[in-house]
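One chain, chain A, links the two complexes that follow: it is found with chain B in the first and with chain C in the second.
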Partner chain A sequence: MTTQAHDNSAPVQIGAVAAEVPLSNRQRTLNRFLRHRMAVFGSTILLCIVLFVTIGGVIYSERDANFNDVSRRLQPPSAEHPFGTDTIGRDILARTIYGGQISLLIGVTAVFMSITVGTTFGIVAGYYGGIIDALLMRFTEAMLSIPTLLLLLVMAKYFAGRIPTQELFGRTFSGSVIVIIGIIGLTSWMGLSRLIRANVLSLRESEFVTAARAIGASDFHIILRHVLPNTIAPVIVATTLGVAAAILSEAYISFLGLGVQPPTATWGNMLEGSRSHIDNAPWLWFFPGMLIVLTVMSINFVGDGVRDALDPRSRE
Partner chain B sequence: MGNVTATPQTIALPTDSAGREMLVSVRGLKKHFPITSGIVFQRQVGAVKAVDGVDFDVYKGETLGLVGESGCGKSTTGRAVLQLYRPTAGSVVFEGNELTTMNNAGLRAARRRMQIIFQDPFASLNPRMTVGNIVNEPLVVHNIMNKKQRKEYVAQLLERVGLNPYYINRYPHEFSGGQRQRVGIARALALNPSFIVADEPISALDVSIQAQVVNLLEDLQEELGLTYLFIAHDLSMVRHICDRVAVMYLGKIVEIGPTDRVYDNPLHPYTQSLLSAVPVPDPEVEENRRRIILSGDVPSPANPPSGCNFRTRCPVAFDLCSDEPSPPLIEIEPGHFAACHRVT
Partner chain C sequence: MYKYIIRRLLQAIPLLFVVSFVIFILMQSSGDPLATMGGRMPPRAEDRERLRQSLGLNDPIYLQYIYWLVGNDWRMVDSTGDGEPDRYGTRRGVIRGDFGTSIITRQPAMQVIGDRLENTLILTMTAQVIIIVGALFIGIFSAVRQYSIWDHLFTTLSFIIYSIPVFLLGIILIYIFAVQFRIWGLPHLPTAGMYDPIEGRSFGQVARHLVLPSLTIAFISIAGYSRYIRSTMLEVINSDYIRTARAKGLTERRTLFVHAFKNASLPLITLIGLDLPLLIAGAVVTETIFAWPGMGKMFIDHLNRSDTAVVMALLMIITLAVIMAQLLIDIVYTWLDPRIRYD
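Our next item is the complex of A and B:
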């Protein structure tokens, strides 16, 4: 116990020199994201795809996408039809634009639903424990034990035609789009909720949560400020994988003919239409397939970058 | 610093027979953790009696040390006093109010007056919050001051505990263990409490840093009139910082009294053996130091021995120790209590 150690009046200098102005936390987070090359690359691609489906929608009308001319069926890419034409002579470029809008809409909204349900279930079950936990987790396990594809098909069949067509943003969405969003959203949250529950179980016992309780914080405050931010990594991973999975789910439900009903295009049901022309008309599947791959890939890169950027412990 | 929260200091505290003001009064405190079995239909098959009937008072302005080996229930006692674990039985009176029967809203208000400093400065700070936000959080929770005042106050607090407020936007992982512990202390001080449970606040720190943190705690006590319940297993440090000390063994207090009396004249055989393990910084004395080495392990708190808890390892146990129920704390000399059939 030296006298030097006893001197608490002078603030202890932490870093080297206190000269430069420290960066704000937002700036530091952004820097971490920008340093992630693949994430920047992914966001660029994703931006291009979004621009493609929005600006494209201004150039081509939905009527172009659904206009068919059987005499011009299965034409390879040309100046008039840059992406070629499909089995009943519709322009594939216009259809990828409008199909993209639907596919991205399905991906984003379905994942939003799935994340909301999964996070809520996981946090409530993990934080409160006991009987609430038991009930929620048994329900989750019941949902998990049903084969997803079967569930998708039964629900698609059951809800088909029960949801009327909706008008939104000046576009008409067939009821099947809404059904598909709901079905995908409500059948994909279980894994995430179990992951989050496990995370919350350990966070609940951590000392910083005890510290928050000791200062008199409410459960809601603790969940919002301490539990949720520390379980953000699995949520982001689930989001990025989920958007990709939702687009693919839509593709295979459509492939089985129970998805979004024609003439409304999606990338998924465009693939379905190309099934019998894989060899002789590759442009039928190449463009929508390529867009699905690019979207899924770039979303994954972006998710990776966001996860690292939000973690203050990762290297800047 | 104390002027910012402006809590009126007009609470009349109960006094003991000697006229000392009792800030905290603990009676018959028990905390049992259930042991359950079964997956779907859980039933209780036993209980870990972490704290099993503890009585003590903490007087205003003093530091009461709580010592004992690992797993004897020191930390659980500290947390049960603060109601971070709801006690199984017993009463805790703090500033004249009974805490164990208080509802959540009342307890939340009471928490402004009692705080805790944790052992592990790595686990007790949320890694995703800046130190500024960590220290600010108590103010937000209790909705004290506006944003600008809070910012100023947090900077003051950081400076007071010896941290440069310039690094207010840094995250905990960017600090060393001692600095993080200072952040934890600043958080505990933010609400201007009167009572702080220091749960082994220096055990996780380097020896050189331990002295700094202990001195900081002492300075703060003097300046802000704080009362500490200081939980530790470093007996030399306890002797240095504490006015009184309580020795725990297997969920019970076996001896309690003024620090000097307990150290110079330990009454309970467990205290004697504990103190005999403290090295003496004098080679000649150290050479001749007689150590009382206890045989065996600490019994499981789920299944403590009958009679006196300590009899299975006690060097001076006799038939009364197993036949009679657990011996009560008896005042042997003024303010110095021990719970042992051999000491009367």
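Our next item is the complex of A and C:
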């Protein structure tokens, strides 16, 4: 998507690039990203975490993650259970692996939803203006003025138990996973949609859009080929940072008991109930907690790097 | 300016309608408020039906919303639950200041909230003071000593802390300052409630119980704010008028704190203003971990038992606070930066 975007916007930027080394926009962006040390560090950690949950998934089966044996409850880390066992004797290592898959899945898909909604609303409001713009922006403001966490909790309660368990790719997904993806996606698009609207408002008046309109291009064509590619940078940055925010949101709702329901593990719901075992079983919260922190932190680093790399004002 | 304020207030009215309507529908159609009534002895099916009827839960949802909004004293309602409307309703509606009655405690919703509001304000205001002082100190310090060891240390720390979910930070603080300190024989801090029930509620007790929850809230916000303050301070310090101030021989302290800080504080005002109502909402998690008897914990309890009146009242108050905070920021802006004008 990045490449396409830059190829499309190339004609506009030619003036600025002509005098310099003839590197393609894509290479320049990549170079800037690779020079951002924290971003490279973040990508490496992120890669390790992805390998952990995928390779781990090959070694341990989901059955291992959900198998409980009360006689071995609350065992400290040992050779047999490297991360220890939880309150009903489930292996924490296996659960962090499968919990990680679900947490990352929720992060990515929820963001995909929020980006779709945010971009559509932003472009439609900015491009068409008038009454549509007014209505959409009032709606955005309404959503923004309710504290997100409280709205998430109310929605989680509303949808709880309404979606049946799904079978996908040979795996069973608790309906609550889909609910959480949906509500996080539907409550996190507002910032992006305002940003894009502001961008589109200025793009709409630019010469190349007027030119496109003059040769008879349809609104759909103009939006897709001329407006969208030029406002792609904030979308990419919002996508990266949004994944971290979505993983955190899931952890909050699940920690408060309204999120993904057991036996399906997520890093968030593994922490629920660990409050009562802070002193006698620190491994209960340490491993899933550290994985959340590492993931969120490395995504934030990557997002920072992407922002700098895509910023045309940042130095070579 | 006045025209602007009035226009903004008028715009807020439909916004509150939309918000209240959506949340009301979500609340009224999720869960069963009667599920926990009667404790271990669930009410008989016909009692249950009578109860639903007399509480007005069988009315169409739009009618329930209208009752919530404008009251039902203009209409005959079925107070005995026998299916026949028998007397005029007693609710006066939100518009006339009646937020309804909690279905759990049978007290007015406002009273339920009022009892807890003070506790939440004690927690969040303490946290807010720590946040402002801490963030200003770290932000200005890092900006003045840019690229020093301390600056790098604060940068790294804030990146790490910013990625920690509040509840995990709370757990870590409890683990260090309560669990490990006790093991090491050091004076340890209490982790639950507002005061020791044996000692009774006193200033010293509340202060001791306040340390860990307020630090939990403060740390994460300090990590975010100090970054903002650092970058705006840096921008201002490198501007021409600061060079002028230095050139005309002002002391460094006066330059930084009078000339630079006033302009650098603009984004801080936005952040604090917008975050203040959210801080109260965010206390949900912290109050749950530390068993702090505030509004956040109450919100979860009443939400889980489908107590629409209390949940709605709380959400409306916070939403109104967010809108008011935004307006207030706009007004403070014109005072801090005379270049900004509305209308």
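The rule is short, and it goes like this: the second predicted complex is superposed on the first by the 252 of 316 C-alpha atoms of A that agree within 3 Å, B and C clash if a C-alpha of one lies under 4 Å from a C-alpha of the other, contacts with A are read in each partner's own complex, and residues count from 1 in each chain.
Just so we're on the same page, a residue touches a chain if its C-beta (ideal position, glycine included) is under 8 Å from a C-beta of that chain, and two chains touch if they have at least 3 such contacts.
As the structure is a computational prediction, the values presented were derived from the model and not from experiment.
**Student:** Of the partners chain B and chain C, which touch A:L150 in the superposed model: first, second, both, neither?
**Tutor:** So A:L150 only meets chain C here.
**Student:** One more residue to check, A:N25. First (chain B), second (chain C), both or neither?
**Tutor:** In the superposed model, A:N25 contacts chain B only, not chain C.
**Student:** Who does A:H226 touch here: chain B (first), chain C (second), both, or neither?
**Tutor:** The answer is first: A:H226 touches chain B but not chain C.
**Student:** Looking at A:G216 after the superposition, I want to know if it touches chain B, chain C, both of them or none. Which is it: first, second, both, neither?
**Tutor:** A:G216: touches chain B, not chain C.
**Student:** Counting only touches as set out at the top, which of chain B and chain C does A:F208 meet: first, second, both, neither?
**Tutor:** Once the two structures are laid over each other on A, A:F208 reaches chain B alone.
**Student:** I'd like to check the shared interface: which positions of chain A are touched by both chain B and chain C across the two complexes?
**Tutor:** none
**Student:** Name, in rising order, each residue of chain A that touches chain C in their complex.
**Tutor:** Residue list for chain A touching chain C: 38, 138-139, 141-142, 145-147, 149-151, 153-155, 157-160, 244, 248, 251-252, 255-256, 271, 274-275, 278-279, 282, 285, 289, 292-293, 296-297, 300-301.
**Student:** Show which residues of chain A lie in contact with chain B when the two form their complex.
**Tutor:** Residues in contact with chain B: 1-2, 5-6, 8, 10-15, 18, 22, 24-25, 134, 206-208, 210-218, 221, 225-226, 229-230, 311-313.
**Student:** Okay, in this complex, where on chain C does chain A touch?
**Tutor:** On the chain C side, the touching residues are 11, 14-15, 18-19, 23, 26-27, 29-31, 159-160, 162-168, 171-172, 174-175, 178-179, 277-278, 281-282, 284-285, 288-289, 299-300, 303-304, 306, 311, 314-315, 318-319, 322-323, 326.
**Student:** Can you list the residues on chain B that touch chain A in the complex?
**Tutor:** Touching chain A: residues 40, 79, 82, 84, 107-109, 111-112, 115-116, 118, 120, 123-130, 137-138, 141-142, 158-159, 161-167, 169-171, 173, 175, 179, 184, 187, 190-191, 208, 211-212, 214-216, 219, 240 of chain B.
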